[in-house]
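Paired with chain B in one complex and with chain C in the other, chain A is shared by the two complexes that follow.
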Partner chain A sequence: MQASGKLYQWIINIVMLVFTFFCIMPFWLLFSASLTDDMELVRSGYAFFPDKISFSAYHYLWNSSSDIIRAYSITVLTTIIGTTLGLTLTAMVAYPLSRLEMPFRNTLAFYVFFTMLFNGGLVPTYLLYTNYFDLKNTMLALIIPGLLMNGFFIILMRTFFASSIPTAIIESAYIDGAREWKIFYRIVLPLSTPVLATVGLFYTILYWNDWFNGLIYLTDSHYYSLQNLLNRILLDVQFLQSSTQAGSRNADIGANIPLAPMRMAMAAIGVIPLLIAYPFFQKYFVKGLTIGAVKG
Partner chain B sequence: MRKNKFVAKTLLLIVLAFAMVISACGNGDNKGTNAGNDGKTAEGKSGNSSGELKPVELVMVFPVGGEPKDLKLVQDEINKMTKAKINATVKLVPIGFGAWAQQKTLMMSGNEQVDLIVSGLGTYSQDVAKGQLLELDGYLTDKGQGVTEALDSLDPAFLNATRIDGKIYAVPSIRDLAADYGITMRKDLVEKYNIDTAAIKSLDDLDAVFKTIKDNEPDMIPTVKYGTSILDIYVLSYFDNLGEGFGVLPGYDNNLKVVNMYETPEYAEMLNTVRRWNQAGYIAKDAATSTETQYNLVKSGKAFSFISHMKPGIETQESRSTGKEMVSVHFKPAATATTNIISIMWSIARNSKDPERAMMLLNMMYTDKDFINLLDYGIENKHYVKISDNVIDYPQGVDATNSGYNLQMGWMFGNQSLSHIWNGDDPELWNQLAEFNRNAVKSKALGFTFNADAVKTEIAAVTNVQNQYKIALETGTVDPVSKLPEFNKQLKAAGIDKIIAEKQKQLDAWAAAKK
Partner chain C sequence: MKQVSLKTKKKAAFASEMRKVKKYRALVLMALPGLLYLLINNYLPMFGIVIAFKDINFAKGIMGSDWIGFKNFEYLFKTTDAYIITRNTLLYNITFILLNTGIALALAIMLNEIRKRFLSRLYQTLILLPFLISMVIVGYLVLGFLDVENGFMNKTLLPTMGIDPISWYSETKYWPWILTLVSVWKGVGNLCIIYLAAIIGIDNEYYEAATIDGANRWQQITKITLPLVSPVITIMTLLAIGRIFYSDFGLFFQVPLNTGALMPVTNTIDTYVYRALINLGDIGMSSAAGLYQAFVGFILVILSNAVVRKYNKDNALF
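Let's turn to the complex of A and B:
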């Protein structure tokens, strides 16, 4: 009995180790490619342990740093502002929806739900944000469109509020003289740290990884975020590869595009902060989801 | 009572939440520029009627491969010049090639101000069909005589090739408007192994060359792909691809009878050659999937040659791109088709706030030497220095990697032949290029632009099939004897015949209207 249990443990551990290995491998390949000499990379391709280690890619990033550092700070800034704003607004919409006394509760909930299924399409969205809100080429274009509120997160939070905050607490706070605002930020929010951390992490990842808004709303490179910059470079490379229009001058265009190790190095410095942040968030992440499920 | 109060408060809360979103949007720091634009609109319009030129801002949108650092400096210089000449300022909006298709479409579909824009790049007929480009004939005769003269001095066929239903919606930049075809090889190795370049007359003469390289330089790939495959560009030496390549004109003539390129004996023959090369190991094993450019491959010393399209001065250009001295052998004569011409053009967008002034700016791009050189090479003594009257080079301490403005896209901005010659190029380059353009074989269908709207679904289906087979076949990765018929069968099932029939119909109508 004991022996078979141990064997079972061993198998599980080995499976998990293999799985972990497969998760880490791509990152390792990325790091090692960023450390490979650029011409070596063309000659012999990607390797887990490069023959010739070269820091030239990181040198290049450091030397042409003004663009990269600006892009990095834009990413950090939009992530902080976006996550804070997004979390605040999501909680403020989700909480009333979780209260049974709320009038038109179902109608409003459906309104939120509806946005999860349908959207206006790219061109109308673009026209709205550029022609009516004038978001083109501003920082706000990276914060507001599509990211600030997300129907799924609202519903996730509403479910948590509805199932994990006992109505009795709210009622007793009310009897003790607290008003809605106070109940919300002194009672409900402190009890909801798991879901706040969960959704907060979702928002952080969304903002950190977002390149699409930058791609369509920005033409001014001043506001490019790191992911957007990286994505543009990759798209340009792809274009050079694939465009077969007769007489297209792929030849002359490639000069300004950084070589593969530089791109890998950019991806590497882009991913590090999230890798660091993730373990700290993770405990809330797990807890947040189970609490919602178990007590519901 | 209490309950009502609560209801009111919660409602307020929601309203507040939404109001925050909306007000945040409204408070964009773009107000200033917006007001500015409105002002300019009014000014521009009144300027037209009075004859006196009122100041306007023109927005010029073009694709780049990486935005240059000193773009703003160059823009300021340009503005000094345009302010003096046509009382307009220019805002340069470069867009990365990768993001081009999406951003261009979005910018054109809104009310965003776009005056001059690079059109072509494969979407000319769609853009015209969507009504996004202004008809230029009137503006050209009125304010753009310089453009017409510059193009017509080469051959009136070039400007006429842009006509759709008899109207001009874009003007091609003056560059290599035709292409000849051949192979570009590393010069040092050609000399080392005494390769007789004069003996190379066709693809089949290359076997011996590749064998020499393969035998003597075991680590080197004799030939690498250019574009997506070995033949990707080279097939155009046999066919006018009439737009997207489904339905082509063999020999740039074929009496205007459209055929399926993948069923022609020439194509099958080329595939056999490439397959033979692949079997002999003259092509990299990963050729079908590799994403490395031919330039990087040659630069790293891994590749010997590539087969491509060419123009005068190709050797120095490719030597610069690869960092190795290259030698080219041309074995297919120069030919030109509509696609060569409409690949890079300039248009005035429907959204233009002042089309007349935009045409005046365009006219400058075809006639004003100083303006062209500023756009092409940047500021004198900062981004380039003159080493003789019209030959230029990098200033001391500046090179391709640290120059603040090194677009090297003279072929895009209007009339390239007015620009300086870069050191190392033949001083007679622009004359050679003009001759090259004049003497190129003109396709019988020159000027025909296929409108694919009627067969959109078929094109999508056929493209899918093409993506499955084309690269594998054209890199010799699969055997054409069995795969080419399979490919053709699938193309038929996807509806390629319908595309060809539609193209033939349009081509016949075009030819009839031309008579």
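Let's turn to the complex of A and C:
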């Protein structure tokens, strides 16, 4: 029994090791490709263990980086604004819906839930935001359409408020003279940090990774987020060449740009912040996915 | 008589709710901005479905444009595109649902069996990584393998196996496999954690009792674990079936790098709607396709939920 138990553990661990290896292998290829010497890359292609390591791609990125820095700051800015605003709005809807006293509680809960079942689709949404709200080619287009709030987050938070904040606390605060807003931000929110952290992280990932809004609402590359810039470079190599040449303002340098490694280096600087931050918030993230599994 | 009393009851209930609005106006005020956002972002576009029945002329405005009945739909369904995008969307999604659920469950069960907590944590962290990155980045990762000139497949793997390089981005036959692989790679971690949470939640007493009765590992998994996580499996699958007419736009647009030659196997309803709207500016066709998608998707959620309700009320979504 003991021996078979050990064998059993070994088999499971080997299967998991193989699977996790396949999960991280593409990242490894990306990083090693971005560090490959340009000539070496032409000869042997993207490789897991390049013979000749070179930082020239990153060097070029650093020197011709005005586009990248702007895209980076737009990403950071939209992520901060979107997350803060979205989290605030979501909590402000979820909390009243968690209170039994809320007027039209069930009707409003259905109003929220129904958005998860049916939607008008891309065309009406696009026309609404471009023709009636004039968001085309503005930074608001990266923040407002679609991402700011969704039914799933509201239901997730409402479930937390309803199950983890005892009504007695709210009642006693009420008797002590606190009013609704004060109860909300002095008592309910401080008691809800786990769910706020979780949903906040979901928002951060959502905004950091979003490229769809940029793809449909931006025609002018001025407001490109990092993902939009990466997207453009991925789909259009010429764009990389022209933008780096303009950035370095020197045709001689432009001719020798290590384009293929540079493409990979661009992608690498897009994921590195996420990979660095992930271990710190992994705990909350897993918790969030787990709460999400509970029926609202 | 009975109906009248029901009506008065409803009226009374409404009046009492209205009185509550006054008393709890702070709560209402708090919820208002968010509810307003849902109105604009989610409900107003729903009225926009009339666009599918109109011949849009921006000079006349959306509401002022002429009604043309089902003409947009007729055009759409006369094209071969309609068949291709429906087939692709459905077949891919069915494959993804079956594969992702099966693999995620298997991984979750295995993760739960691992005795060393440190290793289990490590695996969880790593299999969730692909879930965190954007499809744009995934596009780069796939390019790293499949790039025709520099890719790992053509430069290293295929030559060592003695196979000629393949021009991946122009041959349709490989893409159903590639896209399925990418979907599993990206999505399984998330689903696995959800199932793992459900499995961890199972009361240990069931397993203790089963061990005393002489049940082996396999019997414990099939007779205890699977039945007890089936509610979560049902809900996740219901949600997926409700989205069966939708596809991950990024997966079908970014990963094949928007390549025209691959469209027979990569075009789905979502990418079609996008291309018809942005590239062709064909509002009629794209809104007809969008409405077809939203409507059939809605019917599918209602139907599948009704079916689940019939067998087990607790497992239903609503």
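Methods note: the second predicted complex is superposed on the first by the 232 of 296 C-alpha atoms of A that agree within 3 Å, B and C clash if a C-alpha of one lies under 4 Å from a C-alpha of the other, contacts with A are read in each partner's own complex, and residues count from 1 in each chain.
Methods note: contacts are C-beta pairs under 8 Å (C-beta built on N, C-alpha and C of every residue); 3 or more make two chains touch, one makes a residue touch a chain.
As the structure is a computational prediction, the values presented were derived from the model and not from experiment.
Colleague: Regarding the shared-chain residue A:Val123, is it in contact with chain B (first), chain C (second), both, or neither?
Modeller: In the superposition, A:Val123 contacts both chain B and chain C.
Colleague: Between chain B (first) and chain C (second), which, if any, makes contact with A:Val93: first, second, both or neither?
Modeller: Once the two structures are laid over each other on A, A:Val93 reaches both partners.
Colleague: Report for A:Arg186: first if it touches chain B alone, second if chain C alone, otherwise both or neither.
Modeller: A:Arg186: touches no partner chain.
Colleague: Tell me which partner A:His59 touches in the superposition: chain B (first), chain C (second), both or neither.
Modeller: In the superposition, A:His59 touches no partner, neither chain B nor chain C.
Colleague: May I ask you to decide whether A:Met39 touches chain B, chain C, both, or neither, giving the answer as first, second, both or neither?
Modeller: A:Met39 contacts chain B only, not chain C.
Colleague: Looking at A:Glu101, would you say it contacts chain B, chain C, both, or neither? Reply first, second, both or neither.
Modeller: A:Glu101 contacts both chain B and chain C.
Colleague: With both structures placed on chain A, which of the two partners, chain B or chain C, ends up touching more residues of chain A?
Modeller: It is C that touches the greater number of chain A residues.
Colleague: Using the touch definition from the top, say if A:Leu135 reaches chain B (first), chain C (second), both or neither.
Modeller: first
Colleague: Now for A:Ile205: first (chain B), second (chain C), both, or neither, which partner does it touch?
Modeller: second
Colleague: Would you mind listing the overlap between the chain B footprint and the chain C footprint on chain A?
Modeller: 42, 89, 92-93, 96, 99, 101-103, 108, 122-123, 126-127, 131, 144, 148-149, 179-180, 216, 234-235, 260
Colleague: Provide the residue numbers of chain A that touch chain C in the complex, in ascending order.
Modeller: 8-9, 12-13, 15-17, 19-20, 22-24, 26-27, 29-30, 33, 41-42, 44-48, 89-90, 92-93, 95-97, 99, 101-104, 108, 111-113, 115, 117-128, 131, 144-146, 148-149, 151, 154, 179-181, 184, 205, 208-212, 216, 227, 230-231, 234-235, 260, 263-264, 267, 270-271, 274-275, 278-279, 282, 285-286, 289-290, 292-293, 295
Colleague: Per the contact definition, I'd like the list of chain C residues that touch chain A in the complex.
Modeller: Residues in contact with chain A: 17-18, 20-21, 23-24, 26-28, 30-31, 33-35, 37-38, 40-49, 51, 58, 62, 107, 110-111, 113-115, 119, 122-130, 132-137, 139-145, 147, 149-152, 154-156, 185, 189-190, 193-194, 197-198, 217, 232, 235-236, 242, 249-250, 254, 257-258, 270, 273-274, 277-278, 283, 286-287, 290-291, 293-294, 297-298, 301, 317-318.
Colleague: Looking at the complex, which residues from chain B come into contact with chain A?
Modeller: My answer: residues 3, 6-7, 9-11, 13-14, 16-17, 20-21, 24-26, 28-31, 34, 64-68, 93-100, 102-103, 105-107, 109-112, 121-122, 176, 179, 227-228, 232-233, 236, 241, 291-293, 295-297, 299-302, 309, 317-318, 321, 337, 339-340, 343-344, 400, 406-409, 411.
Colleague: Which of the residues in chain A come into contact with chain B in the complex?
Modeller: Of all residues in chain A, those touching chain B are 39-40, 42-43, 85, 89, 92-93, 96, 99, 101-103, 108, 122-123, 126-127, 129-131, 133-138, 140, 144, 148-149, 179-180, 215-216, 219, 221, 232-257, 259-260.
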